[in-house]
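Listed after this line are the structures, all set down as structure tokens.
Okay, so subunit A shows up in both of these, paired with subunit B first and subunit C after.
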Partner chain A sequence: MSRFTKSFDTIGAVLLAIIWIAPLLFAVWAAVHSTSDAVNFRLTSPWTMSNFQAAWDGAPWGKYFLNTFLLVTVVLIGQFIVTTLAGYAFAQVQFPGKDIAFLLVLLQLFILPEVLIVENYAMVSRLGLFDSILGVGMPYMASAFGIFLMRQAFKSVPIELDEAARIEGCSRLGILLKVYVPLAKPTYLAYALVSVSTHWNNFLWPLIVTNSPETRPITVGLSIFGAPENGVDISIISAATLMSVAPLLVAFLIFQRQFVQAFLRSGIK
Partner chain B sequence: MSELAKLERRRRAIYGWLLLSPAAILLSLFAFYPSIATLWSSLFSRGTRRHPVEFVGVENYTDLFADPTFWIVVKNNLFYAGITVPLSMFIALSMALWANSKISAKGFVRTAYFTPTVLPMIAAANLWLFFYTPGLGVLDQIGSLFGLPSVNWLGQPETALWAIIIVTVWKESGFFMIFYLAALQTIPEDLREAVDIEGTSRWTYTRRIVLPMLMPMTLFIGVNAVINSVKLIDHLFILTKGGPSDASKLILYYIWEQAFAFFDTPHAAALTMMVLLVLGIVAAVQFYFIDRRTHYQ
Partner chain C sequence: MSGNAFVTMKNIGKRWNGQLGVEGITLDIEEGEFVALLGPSGCGKSTTLRLLAGLEVPDEGQIIIDGIDVTGASAAQRNLSMVFQSYALFPHLSVAENVMFGMKVRRVPKKERLAKMHNALDMTGLHGLEDRKPSALSGGQRQRVALARAIVAGRKLCLMDEPLSNLDAKLRAAVRKDIKKLQKDLGMTIVYVTHDQTEAMSMADKVVLMKDGLIEQTGTPEQLYSEPLNTFVAEFVGAPPMALIKGTALQGYADDQTIGIRAEKMRLAPEGGRMACTVTDCEFLGAETFIGLAHESANGLTIKLDGKAHMEIGSKVEITFEDKDLHVFGPTGKRMNNIT
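For the complex of A and B:
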């Protein structure tokens, strides 16, 4: 590559990168200045933390964070249990009806939970789970994508290990827990990262199923806080937005490599 | 011996279905039953105190077809897909080619491209609000430097859907870039070296070697982008609420509105059935192409 095209590439790539993070940079700018300083771009104006204070006092953020944390935990635990069992059944157990069952699971990849909001809402209400964290999480626990991922991971485990453990007198469930699960650790990690960031960011379904600050996750809380009816100004909204994305963003910047690997692993079959 | 084999087979069958039962129950509750229930309720009228629920056949569907808003929403969503799918894929490919080339500041560039992916759509919408606000917003301020008048990007029908589209492209391009990056890294280095020795231009190399080798990945990303054009609507709640006068309303938002703002479940169900049909076609296309791909490999 010639020197010229290389510097041309660098300029283009960096320019696009700056455009791409500009919305975040502007939010940081707005969050640490008073509203009038922020919108008039007074570059030398003093910094302030009062927007964060005002945002924090404006809504029960602590509760929202806790709800989101509980939600992603409940979803992840549910998904691990359900997808491990089903993935193992599809990978290593021969039973009648297996192929049809697997086809039905794959079908769910296209029946998005987002699209079935009306009937899923009816189902959650019927189960008495309306306005509960379990109600928000439950439709996502039997993830077709997760089952598929676990099946792939368990298929790559050599059958000799399985047989050796059986000769040692290990029970079937014991083999699953002591042989297969530890060997699939990277898959679990990847799946966990994708799942946590998906459900941390999920909005439409939690909006429908939650109805009180006691269960509302951070995304729904943020949308209510920023609603124009509430007349909150741009600096405080920016502060609230940054606050609510901070945990995931910081985690991403620290574990960037793992995040990217996780998303890759999840997408490539 | 055959008795024993039969017993063993039966034990395995029970064992397999036991392992599968949690997934089977949950999938039935939250995917299969709701799909059938949606179809069922799309064939009945909305019950009121005076008129109890009754079977109306395809009336809910013909109602929708006769409703101008429905066609506006369909047109909006087709436009939304028609722009976001190719545009985000093109940007993703450019990002990947850059992030994979030997430029300085590669780490920064990759991080910057990928960052929007980890943000919730609601937060993304809030960030962009600062750009779009008339008068005070960043876009207007930049415009005023060049003497352009203030524009109400979110408040006028001509620009509202575009404003929504830009946020979507911004959000998903970095995500698709990752997949292109992975595919690029599977292209052998020797091809590049051979091309350098031959003195072939970079453009020819990209067009004749890189792009064809990225085809399967392009298809995969394309399917995901189409699904996203149905799914990604959270920012509507912050930015436009589908307005002004339905100019930026998308199908999933319309379903939500019908069901949870107007409490018109039958029409929401009929809409949902149509979306499921479209997603089914997307699935069929994907399976068909993936089948073909595995055939000639």
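For the complex of A and C:
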């Protein structure tokens, strides 16, 4: 019986893994073959790199990559600042209305970002940040998930460390930066991973709030390949997609071990 | 109560949501003195220490350290160092960085910082462990890092919250000596919280025994041992604690009085002793043997015999003692006589 369940588990795991990786494998397959070879699955057909060439020539990739990179960096820095301060306040500072404020922050988790698109659009326009990278990143900086995560991480820091630092003459900000932040490092790493991959792949909001190739991130830039007026070329789209996710894939493969450890240590799975 | 003590606590009270924390704590500590706050758990000794440290703010009363009223001052302004029960070492910093943490915060020049750090590590015997993380140290080593961190601050007042409770018995005795020696060498004033009366009696110049948020008795270890102010002190201090006998069992004492006697003041009487008891246990400690005795109107009767002595459990013995060695406590448990 236990052998049966064990092999059942293994088969299930393998099946799940295959389903999971299938789109990526297909993208790799399509990207290195001509369109008709790709969709007809001619296994012996010749390989080609021309799709990458065509995709690369079809859009200002360097600019898009730079925009995406700037976007995730700006969002991450903003999130780190806001979630650190807010998380610390909710974890260790006593102020009136704390519980209600925290409840409101948590309520934010129940609201899909897509619901807020119109309101965010109006707000970004009012701030004069329309069609700018800061404008794309702004609505995500006060992340409820991040605040919650940091609060939990800071709450798990033993209070004696805080007190020891206080007796040594550390200021409140000093304690936050020298005691709480270093101890929450695994949480920061895990959160950074989630944040970067989310915003690297974010599409709808950047599409709406950007207008020019100067600010467009790569996901929006990529959509020109899928626009019906160009005709949908599955091979070129695959090549372009692979190129756009390549930096993330490479980074994940390199830092895989650290990421897994970070998730284990920060206790979110 | 002299007005020029190094540390003065005047009528300090602290309550949580109406529940009693500590009440009416009045205490004078001279410079260079080793004071132990002693008591069972929950008696408010740690609270008293935290009030002194500035980690809690008292509801009433006044705290003066080195001539300055620091009642409302922050922990940093009080010019003291503290050793925590859990050591409170920063797990992400090495031993050296942990010791230098405070100096870095206070922007002490790097050269001076390193010199002081090495000096402190020498004193605590931690040389060669500078680059280790706290997680790679044994309990005793961590404890000494915490001590080194307190030493290096160069503060005159050092507070210790049960610093030895996480160590095994042998190590505890060794570190006890180290702390005492450091205190003498550096001329520090130490306020030391402990629930272990042996620790308090062997280290302190002055012991403050607390119970339920109140001070029961303040005095030298000798005073607490030989002149306990009430039955609680008598039963808490000393190993074994003082035996308490109901006044009804002895002639010449009122029925509502309680009579206390130390183990070493009792003798076995071949016949015609003052009390007849049953042997309940026999504890051999090497230089002496403690014989536990039962008597229907006495509590904690123990007699100390020199060397190895064996007595059959359940056998009957008679004991005797001198009147001058007896401590008499009134109906409320308060001491009534003075032993000369």
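Just so it is clear, the second predicted complex is superposed on the first by the 232 of 269 C-alpha atoms of A that agree within 3 Å, B and C clash if a C-alpha of one lies under 4 Å from a C-alpha of the other, contacts with A are read in each partner's own complex, and residues count from 1 in each chain.
Convention: contacts are C-beta pairs under 8 Å (C-beta built on N, C-alpha and C of every residue); 3 or more make two chains touch, one makes a residue touch a chain.
These numbers come from a predicted model, not from an experiment.
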| item | value |
| --- | --- |
| Which superposed partner A:Pro182 touches (first subunit B, second subunit C, both, neither) | second |
| Touching partner for A:Glu214 - first (subunit B), second (subunit C), both, neither | neither |
| First, second, both or neither for A:Ala17, with subunit B first and subunit C second | first |
| Which superposed partner A:Ala101 touches (first subunit B, second subunit C, both, neither) | first |
| Contacts of A:Cys170 with subunit B and subunit C, given as first, second, both or neither | second |
| Comparing the two partners subunit B and subunit C, which touches a greater set of residues in subunit A | B |
| Complex interface listing, subunit C residues touching subunit A | 53-55, 74-76, 80-82, 84-86, 88, 90-92, 101-102, 105-106, 153 |
| Of subunit A, residues touching subunit C in the complex | 158, 160-161, 163-170, 174, 178-179, 182-183, 185 |
| Residues of subunit B touching subunit A in the complex | 12-13, 15-17, 19-20, 22-27, 29-35, 37-38, 41, 94-95, 98-99, 101-105, 108-124, 126-131, 133, 136, 138, 141, 170, 174-175, 178-179, 182, 202, 220, 224, 227, 230-231, 233-234, 237-238, 252, 255-256, 259-260, 265, 268-269, 272, 275-276, 279-280, 282-283 |
| Complex contacts: residues of subunit A adjacent to subunit B | 1, 5-6, 9-10, 12-14, 16-18, 20-21, 23-24, 26-27, 30, 39, 41, 81-83, 85-86, 88-90, 93-98, 101, 104-105, 107-123, 127, 138-139, 141-142, 144, 147, 172, 197, 200-204, 207-208, 218-219, 222-223, 226, 234, 237-238, 240-241, 244-245, 248-249, 252-253, 256, 259-260, 263-264, 267-268 |
